[in-house]
Amino acid sequence: MTNVLELRGITKRFPGVLANDKVDISLREGKILALLGENGAGKSTLMNILYGLYKPDEGKIFVRGREVEIEGPNDAISQGIGMVHQHFMLVPVMTVTENVMLGIEPVRGGVFLDREKVAKRIKEISDQYGLEVDPHAYIKDLPVGIQQRVEIIKVLYRAADILILDEPTAVLTPQEVEGLFKIIETLIKGGKSIIFITHKLKEVLAIADDITVLRLGTVVGSIKPQDATSEILATMMVGRDVSLVVQKGPAKPAEPVLVVENLYVRNERQHLTVQGVSFNVRKGEILGVAGVQGNGQTELVYALTGLLPLESGSIHLLDEPIHRATPRDILERGVAHIPEDRQRHGLILTFPIHDNLMLCTYYKDPFAKGISLQPVSIFKNAEELVEQYDVRTPSIYLNAGTLSGGNQQKVIVAREFSRPIELLIASQPTRGLDVGSIEYIHKQIIKKRDEGAGVLLVSSELDEILALSDRIAVMYKGRIMDILDADKTSKEQLGLLMAGVHPAESSRK
Amino acid sequence: MKKFHFVMAVLIVASMVLTACGGGAGGGGLKVGMVTDLGGIDDKSFNATAYAGVQQAIDELGVDGKYLESTQQADYEKNIQQFVDEETDLIVTVGFLLGDATKAAAEANPESKFAIVDFAYDPTIPNVLGLVFSIDQATFLAGYAAAGSTKTGKVATWGGINIPPVADFMIGFEAGVNYYNEQNGTSVEVLGWDTAANEGAFIGNFESLDDGRSITESLVQEGADIVMPVAGPAGLGGAAYCAESGSCMVIGVDTDWTISASEYTDVILTSVLKNMNVAVFEAIKSVQDGTFAGGLYIGTLANDGVGLAAVKGASDELNAGLDAVKQGIIDGTIAVR
Amino acid sequence: MNNSSIDISSAIERRRRISFGVTLLVVGLVIYLLFGSNTKPGSLTTFGLNLLGSQAIEVSDLVIPALPAVHLMAAIAVFTGAYQLARGVRSTGWLIGILAFTFVFAFLMWAAQDKSFNLTGMLQSSLVRATPIALAALCGVISERAAVINIGIEGIMLMSALVAVVTATVSGSLYVGLVSAIIMGGLVAAFHAFLVIRFKVDQIISGVAINIFGAGATSFISSRFMAHATDKLNNSGTFPIIAIPGLSKIPVLGPVLFENNLIVYLTILLVIVMHIMLFYTPWGLRTRAVGEHPKAADTLGVNVYFMRFVNVTLGGMIAGLGGAYFTIGSVGRFDEIMTAGKGFIGLAAMVFGNWNPIGAYTSSLIFGFADSLQVKLQILRVPIPSEFLLMAPYIVTMIILTGVVGRAIPPAADGQPYEK
Amino acid sequence: MSNTTAPEKKEKKRSAIWSELLVPVLAVVSGLILGAIVIVVSGENPFRAYGALFTGSFGSPVRLIDGLQIYSATGETRQLLRAFYPLTESLVTATPYIFAGLSVALGFRCGLFNIGAEGQFFIGALSAAFVGYSIQGLPMIIHLPLAILGGALGGALWGMIPGYLKARFGAHEVVNTIMMNWIAFRLSDWLLDGPMKGPGFRPVTPTIFETAELPRFFPDPLRFNLGFFLALLAAYLVYWFLFKTTLGFEIRSVGANPDAAKYAGMNIVRNFVLVMVLAGGLAGLAGSAQVLGVDYWVGQGFSAGYGFDAIAIALLGKSHPLGVVLAALLFGFLRSGATNMQSMASIPIDIISIIQGMVIVFIAAPEIIRWFYRIRAVKKDETVLTRGWGS
């Protein structure tokens, strides 16, 4: 069996970081190679090199045994390499057809776009690989699962036979993952070879033919799935034994701290993205909100924290209405918020760490007297928090932008936990972090619960939800499908709910 | 850093050279300095006309003349001071906005001589000659000529900004048209100005030729066939429209436009002359002759300080009428406002 | 659950219906009280429909009794408002149209009572006055569709205006002037593109620098070299009016649309061509992709930097044409700061036109109309100081920006530098 | 964790300041070199021109020595004052630049681009003049502060409108402040020939009473007055406000990352309005200082584009009050010396605008300077100054 693709000795340096260090990988024809590694292990960098988005500092690329130079995406495409990116590369305001044809547009009459020709070809590809999609639909109207199909069609339209799928399951429900795996099988049958990038061990074991594990930019080793177990892979990936389960005691829920009733919220583009949501969070429990990204969780959190206005409905915090309250009011009433997008909401990257550590309380004693800031207190507070929460930085005077992702998140956690809180709203708290930081942040969240705070945990990682939550609410298309006890819930059950199917209904079918 | 050092070296050498040669003002003879108002030396209006007088003195009297442009109010005092420091023999300031600064400088430097265009002091200052012009006398004639030349029975005027020196042109113009109507029993209408309301048509600036063109076009669409724009360079936009469409004629202001904007000669009915250049030249000459005296010079039809250029295609009857009106104004039998 | 979401949206619908209805009622009342009570009964307003020197077939002027017309307008506004409150008209565009029409028409009736007023002339001059604004707006559209903000349009137009007149005068050919202006505009915009793409200079700051530099450089050249050599450097003449045979004979429409000079026709042509280019050609598809999601375009092999560079440069060439309008398209000579803010109004027209060529042109026409209406009102001696009438276009710009910007959605990546 | 010692920090800070200064200095130098090329092209001697510029802005050393000699010999101060005249005149010119530069810089700090300083300056000057001439009989101690505040209020009002429209409706402040400039010009046209017209035929305001004048320190013609020190005070206050108070912290947060500021409970809308009010107030103060300290009355040509030059000053000064003061002084010297350059070397003053445009380009694109002078880039996060239409 021949290697359709080989990378030899790929090295890539970024200022201050060695992203890839002499990486060798090979992909066999008609097979699935799983590239496994933690966030920041260098998987995406490697694939961006392969796709021509980055230039490697050293190393060679062989396609079908021939050495090639890949200067840009066009070279990659002409070598038959196609990539489905982790964040979809689709223009939301354009149709499926327009997105597919972009870059290699067929023309009629010399200048005019030939949309019909492309639409026809899309139909053919859909039929061949079971990728059903309406060529004339606008991307912004399509669910995430379908958008991913469009991405795959884009690659196939360019006649690629080497497909790179970068974390393709991150945004899918378990059922959609099943569907994707079926599509992958069809693709393999159609003679394609696939590189499948992920950090999820079970998926690797389920579909890969070969597994290569990356850690800190180097290849740790390659292994066949039949020789591997989750534990072996995890140890390879992280470099030490890790406990995959979170230690926590039983919850001791008390009276409700947050009560949400019939909540409607519009997003910034005026779409009604939260539609009639009702639930409560009690003191001393963690309510997990599961759901595929983009089903209204973001807007729900924004509405709870005052960042988006409500359309209608009510929110009560400790029996007081807060649905007309400003973010400041809500903060003052003891709500801590770990925002989904830490660089956008959580930090001011151009400000020093000490300022970020008092970002929400700068106007209060001891940080300010009257309107005058008190630098001594600010610095002291920062030194203490940096120590206590193990933020790795040479100095509190450096800008927050100089910190790594995990340490940035620790700054946010330190800031939010350093004031008295009744309710913690944690949105995707561990996204993009390494295993060490994830463990740390999970422990902190459980600690807050045990201290008696109510916790609302929003995450698209089902494993995280299952590991931390006491109760689980599942959101689909802006509504809560159901609220379940975590102990009595299976992943499959959640998956069906995340796909908008009530288990009861599905059994009726 | 190599380039950087090189540049620094060049700069140091340069600064040594330039301090050595700074400050020299060449030429002998009488030194004349003119301080412009805003709008600068090439405003194709009063600054330019006044400087034409200085230019004439440079050419004919061999004086050493130069100018300073004011770009803001605070420059007036400063620019005058600059000439005072240079021990200029005559400082000509242009525009009534320089009135206060000129007065202050004249009182602080009694040995310096000043002439100011468009401003009269009351009482007069011994070392300042005020040069003012009864422009409404000339525009009265222009109005009369326009009323006598129109074929549509409508004439028009428009201005840059509604300020007195602009309005003066328009007031005289309207009065001249009315006088023509009285005398000849006609009913020629004036568009774009109403003395009673002190309002008219303005474009809000003196720069935009396109605005000038557009407002002229609108006035012509409403039936006017003779237009007098009082807006410095923007007025040339009106001339451009008439030249292109052939449906109107313009009356030039300040200078004889058949000379200063000769490309539009075909559509220039006549020009209202404000002979600032003559007055400025005479003032310079008086300094050279040693006959300079402060006080007030009023340019009128009588002393040719203001006037009307030849009216294109005027009938003998109209010319005769114009002569009579001119005489009447000089005699005081006709009141222009 | 479905029902309640319908309730929500219908509640908003109802709120909007009521606010529109009430606004119309108020406008109707204002028309009745303000204009109705100040219009003399029995006075006639004459709308001239023939343009001097035009080739159109003459028609008789439109004579309208002023007071009944004002009352009619008030009635229309009130009726539409009442209907809106009771039943609801779907289209917002129609409502705004009726609102504006009744108000402006009643205003004109009142202002022009017992006088005549050339309607055709006003419409024609609206079109002409809209031309430089539209060209500035089109420059904005094409650059911003590729996500580069160009606020230096004013400066580009000034420099092009100067280059146009100088080259046309020296060469003796207006076409040489036109081409040089376009090239000049392209060059300056290319410099802007170079700064913001290669050096990631803040786009707005680069634009402001171009404006300051443009004003300074043209003033310098004008006062240093051109002031004393008008005939040799600054006297080009203008493009003649081209009457389109046949079409120009149509009354009213003929003189308005079919008797214009080359630049006005070119502008209309450009609007159509740009619309087709943007939405029906690969170039347009790529441009829009680069403006919305540059990374997506990049991963498909579209050269983001190249597309931006080309678009900004093309935009600059359009602005160059706009600059040429001021000199060789209008008055045949250059003067300092002669663009007088038209470039900025063009940007507002672009926003109002929702970054679409046709939208931008339509909103430019509104500005052109506001401008020529303002001139007409001055001539009609409306008892409002001329200074306030002159503010009108600027105030209209602010109102439109304020009212529309919330709903107008710029290209998603507008103003952001692209980094790989 | 942070174990950097104090002297180390100081050392770092010093080199940081040097690298901060290097680019602006080189930008100005490059602007002057390009200006020299333009002067050569227009057929004049650049050394002569810049020499005149230098003596026009600092004064001629020869005159100064002469003045000193006369003074020590006879006690006559006239010549000495004359020698100091150019220098004081430069400081007088710099005064409104400092205020207006602070106005634009404050906007930048909050992510707002205030191109409306020109209109705010005009309205401020008119308001200050109005207070100055309309109230008679007040002692100076009340009248002068009242007039200064009047100017600040006028400018603040003019700045508030686009600030409010931005905050409430998201209307972009760049276009709106430009429109407000035009409206201010038209409005002042009307005021000067209408309600605020003074006695006589001229369209100018009456002259303010002496009790509203900013005191001058030397006899005429030296116009150096208290305004300059007020400007320095304003710069210090802006510095204190921005970096030492909670309000300033909010403003900088909103400017650096509005989303995070909103998340942290800051009121973006209020900050936008507040900053535009303050920025307008500062520009209005520029007008106050000019009318109360230099001109005493307002006519049509009151401003030579201070508001527009202020943009360059704020950029050159990196939106830091100290930088603004330095940049304003530079512009004051350039503009003031230009008069002498015009007279001595007959160079049109528009050349200064050309130099200025170049300087802005170079400042905004430090990479050009670094590339040209082969300076290694200092790795740091650039502050985002402006944003697109949306936010």
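Which chain is which? They are A, B, C and D, in the order written, and residues in each are numbered from 1.
Keep in mind that, in the parts below, a residue touches a chain if its C-beta (ideal position, glycine included) is under 8 Å from a C-beta of that chain, and two chains touch if they have at least 3 such contacts.
Remember, it's a predicted structure, so these values are computed and weren't measured experimentally.
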Relative to chain D, chain with the most remote C-alpha centre: A
Separation of chain B from chain D, taking each centre as the mean of its C-alpha atoms, in whole Å: 34
Inter-chain centre distance, chain B versus chain C - centres from mean C-alpha coordinates, in Å: 35
Centroid distance [mean C-alpha coordinates] between chain C and chain A, Å: 45
Chain centre separation (chain A, chain B; CA means) in Å: 73
Touching two or more other chains - residue numbers and ranges from chain D: 186, 189, 348
Contacts with two or more other chains, residues of chain B listed in rising order: 162, 204
Per-residue overlap in chain A, given as positions that touch at least 2 other chains: none
Which chain pairs touch, all of them: A-C, A-D, B-C, B-D, C-D
Complex contact set, residues of chain A against chain D: 15, 305, 307, 326-332, 337, 339, 344-351, 355, 359-360, 362-363, 368, 371-373, 383, 386-387, 391-397, 399, 401
Chain B - residues contacting chain D, complex: 1-4, 7, 11, 14-15, 17-25, 33, 37-38, 66, 68-75, 77-79, 81-86, 96-97, 99-100, 104-105, 108, 161-165, 204
Chain C-facing residues of chain A, complex: 51, 53-54, 72-74, 77, 83, 85, 88-94, 98-99, 101-105, 107, 111-113, 154, 262, 264, 269, 272, 275-276, 311-312, 479
Chain C - residues contacting chain A, complex: 1, 4-5, 8-9, 280-282, 285-286, 288-289, 292-293, 295-302, 409, 412, 420
Residue ranges of chain D in contact with chain B within the complex: 26, 29, 33, 47-48, 50-52, 54-55, 60-61, 82, 85, 89, 92-93, 185-186, 189, 192-193, 201-204, 207, 220-221, 223, 290, 294-295, 297-305, 336, 339-340, 342-344, 346, 348-349, 372-375
